[in-house]
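Quick one: structure below, then a few questions.
Read from first to last, the chains carry the letters A, B, C and D; within each, the first residue is number 1.
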Amino acid sequence: MDQTTPSRIEPGPADGGTGWRHWLYVNLHTQAWPGSGLSPLNKAIAVIIVVAVVMAIVQSEPTVLRGREDLFRAAEMVLAVIFLAEYAGRVWTIAENPAFGEGWRGRLRYMRSFTAIIDVIVLASLFITLMGAEGTILRLFRLVRIVMLAKLGRYSTAMLAIAQAVRDRRYELLMSLAVAGMLLLVSSTLLFLVEGAGQPEAFGSIPRAMWWSVATLTTVGYGDAVPLTILGKLLAGLTAITGIGLIAMPTGILASAFSNALQEQREAREKEIVDSEPS
Amino acid sequence: MDQTTPSRIEPGPADGGTGWRHWLYVNLHTQAWPGSGLSPLNKAIAVIIVVAVVMAIVQSEPTVLRGREDLFRAAEMVLAVIFLAEYAGRVWTIAENPAFGEGWRGRLRYMRSFTAIIDVIVLASLFITLMGAEGTILRLFRLVRIVMLAKLGRYSTAMLAIAQAVRDRRYELLMSLAVAGMLLLVSSTLLFLVEGAGQPEAFGSIPRAMWWSVATLTTVGYGDAVPLTILGKLLAGLTAITGIGLIAMPTGILASAFSNALQEQREAREKEIVDSEPS
Amino acid sequence: MDQTTPSRIEPGPADGGTGWRHWLYVNLHTQAWPGSGLSPLNKAIAVIIVVAVVMAIVQSEPTVLRGREDLFRAAEMVLAVIFLAEYAGRVWTIAENPAFGEGWRGRLRYMRSFTAIIDVIVLASLFITLMGAEGTILRLFRLVRIVMLAKLGRYSTAMLAIAQAVRDRRYELLMSLAVAGMLLLVSSTLLFLVEGAGQPEAFGSIPRAMWWSVATLTTVGYGDAVPLTILGKLLAGLTAITGIGLIAMPTGILASAFSNALQEQREAREKEIVDSEPS
Amino acid sequence: MDQTTPSRIEPGPADGGTGWRHWLYVNLHTQAWPGSGLSPLNKAIAVIIVVAVVMAIVQSEPTVLRGREDLFRAAEMVLAVIFLAEYAGRVWTIAENPAFGEGWRGRLRYMRSFTAIIDVIVLASLFITLMGAEGTILRLFRLVRIVMLAKLGRYSTAMLAIAQAVRDRRYELLMSLAVAGMLLLVSSTLLFLVEGAGQPEAFGSIPRAMWWSVATLTTVGYGDAVPLTILGKLLAGLTAITGIGLIAMPTGILASAFSNALQEQREAREKEIVDSEPS
């Protein structure tokens, strides 16, 4: 899969593409790159996306932004131009790919593809923020681009393995979530009844007590809401101990799912070896 | 198990049932529904139960309830009528099920069944709260109904798998709970001896120190009780580190139990395949 | 092991024992009891030990003790008499056991056994506290007795399984403890250097910063010591994330050890079945 | 590996070494020691290194250092002399090892080896701190020495097993780290938007909200930054619950990797037994 297979280079020039357009096609479209991993151009784009995301994060901090508004605005503009050029490049060079068909008909088909629509949304968000809209969330849309570039090679296999393990055991995981929900409801109801009168702010209703209950069951334990009566502390202790079980359950489920996936892989490999042996 | 088996539809009309009563019977009694999952009517009832539980939660919040007492009371009455009608429907249509016998004799037998008694308790709790009693806990009895409706299909299999894993290793899990109890006692005694004099409110007795000890061993760490002396902090650090072990132990036990259950399922499947092959 | 084997009843009377002494012998010495589990008398003693431990815990609370000093003192005396009688009974009836030899020679040999010496220590602690010594720790010595009574049947098997899993992987577990120690040292040194000047109370030296570091690495997070500078928070965040790894490591090690132990048990069982089949 | 193999003693005297130099060589160089574990001299050096590290830790505490500056300085000097002597000894006796060649040529080759360069760095750090530089980090360089001495026997095998398990699943572990990073970004952005206006100090920008987010996702939960609005608490609760998943994922991955490594070891052992059986 990671090996260089020449068949992954589309027969560009025969398709009417020029040498330069073919070079750009192979460098921009991840699935057209003959080597494993990302092309140098896509690596550069990935770095620029990371820079853009970091900029979006940093720029939300007033002490950093103050006095540098113009600098950040200029940088945003540069980014907008780069991403626009990249999108234009992708649309122009897609004609090299016979799967989409020739000329503008093929380009229009590409523009209606899922990947290209995501690109347009990210681009649009960039220009909207440039026009002055409050754009923290819009800026973070760029993250989506990283996820899409990351669909590659070994990391993709690892992601699939994790996703497979989660999917294999989805009913068990949902069930342990349901058990967690029940515990949340029961413990917050009990604490509301026991501590509600004494601490109306923190335990004065079931929804209020739920805030404490979530923090306890997940073992986060902020400490902003804490029972004060003996009975309340007793119930809280029991909640904390069942919280351990809530952590143990999904962990155990996932561990067994990963173990299983691993063993199946090994067995498949062993079977291959046996089958390929001369008898 | 999830496949539609015609034998699951009871031979209603032959049993003296009308077409309408038979339709209601099949729709109300989960075990009589020929398809997999819940019947449309039972799905609607499940939604109503969820609404009732959410109402019970929301209604405990004074800022929500104030000025809307009549609204909530009306909604409670509607719910009471729906649940009463559902119960009446179940009792009336059970005559379709030959297992309980014909007519009122069969209906009385059904009313003495576990499921029907739970229904009556939940109904009773509804009417008691309507008559003015403080009913937070009574209202949450409805949760029991959801658990009973949930006894279905894949979720049921997942629940059984989790329950099986817990039961398989119940002695190991109880043992790690006993170890946790010992650690709780030892650490709270030590902290009481070391910090008791300096912080009588938080560590002035073993039961008081236990509150800190539970929060530390489960890694919740509220921070409302914290040792201040060097020796106390040293002991607290050791307690926190053993707390990690307390999380690791049940998780490891459950993970191995799930792994085991999975492997047995696979082996059983493989055996089936081998047995069904022509020799 | 749990089945009633008549051979476990020692041939008392032939050994010169009376019927009554034999009855007491079988009821007091757990290993002489023919059935599985504890004898009724030992069950009663276990309950009394639990009561004694609970009393020791409760009595450390001044609000409970105040005005009830005489009551607790009387209860302590009753307990002391019971435990003394039990010890005397054990020593007297051991003559029924041919393994220790006859008469007082056998009784002296029993009194030098590990179990009997523990009994004497617990008894001594009881009488010392009665004579007025501050005895919280002494009182908790009774816990040791529970541990000794618990050495029985299925719980013992479960305990052995857990102990075996821990022992099998002791080098890996010690190694992850060593890694934890290194991380503790590195993170507390860094936080001391970064936050030490600003918060001398909490981070003014490596030992001080260690308190924060333990609470963070174990994910307890009391919140009494928290970094305030940006660099400090960055390092603290990294510490918290490595803390997750510290929890994952021992859990994973233990899970694999339990899994392994389980599989070996199953294989041993399967081998037995295969071996016992007629060929 | 742990067994005493005579071939591990280099043929010193034949190489021109004296008896005394040979004894020192075998005692100082861990790989030359014929028995398993560390030589008595290296054990003593390990203890001295631990003392030096503890001294570095303790000495950072002003209340301990005050009035004892001369004492600590003297101890540091003694340590410097010991470590210098040890290094000189290693260099001098390396001539016993034919792998490095004879005389000063061999010694120079040894001095350019990784181990010896680390030794020089640690020594240099010692002398720099003695010359008055603020040397907390320099002092902790000694830890590196412990790590190097620890490369031995069973602990080394255990370390390798852990490292192997981590390396085997590095893509999955990095992937779950990436997922954690995404969640961190998403949750801190949402909390910044929801709580930023009300609590500018704690949630006034994405980087600020990240501090809360790290503490919540890792279930540390300091409690110094806590959402106050209902929507903020709802999002925080969801973050805490996904935090459980973040703990479960690496734990499950590592557990399956350890399990796998264990099974391969067992299979390798079984194969050995089968192969060695006479047919």
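One rule holds for everything that comes next: a residue touches a chain if its C-beta (ideal position, glycine included) is under 8 Å from a C-beta of that chain, and two chains touch if they have at least 3 such contacts.
All of these numbers come straight from a predicted model, not from anything done at the bench.
Shared residue numbers account for under half of those found at the interface formed by chain A and chain B, and the copies are therefore classed as meeting with different residues.
With rounding to the nearest 5, the Cα superposition of chain A on chain D corresponds to a rotation angle of 90 degrees.
Seen from the C-alpha centroid of chain B, the farthest chain centroid is that of D.
On residue numbers, the C-D interface is repeated by A-D, which shares over half of its contact pairs, out of the options B-D, A-D or A-C.
Separating the centre of chain B from that of chain C, both taken as means of CA atoms, is a distance of 32 Å.
Distance between chain centres (mean CA atoms), chain A to chain C: 46 Å. Counting partners per residue, chain A has 207, 215, 219-223, 247, 251-253, 255-257, 259 as the residues that reach two or more other chains. Contact topology of the protein chains: fully connected, every pair of chains touching. Interface residues of chain B, counted against chain C in their complex, comprise 171-172, 174-176, 178-179, 182, 185-186, 189, 192-193, 200, 204-208, 215-216, 219-223, 226, 230, 233, 236-237, 240-241, 243-245, 247-249, 251-253, 255-257, 259-260. Put simply, chain C touches chain A in their complex at residues 219-223, 251-252, 255, 259. Of all residues in chain C, those touching chain B in their complex are 53, 56-58, 60-62, 64, 136-137, 140, 143, 147, 150, 154-155, 157-159, 161-162, 165, 180, 207, 210-211, 214-215, 218-224, 246-247, 250-259, 261-263, 266.
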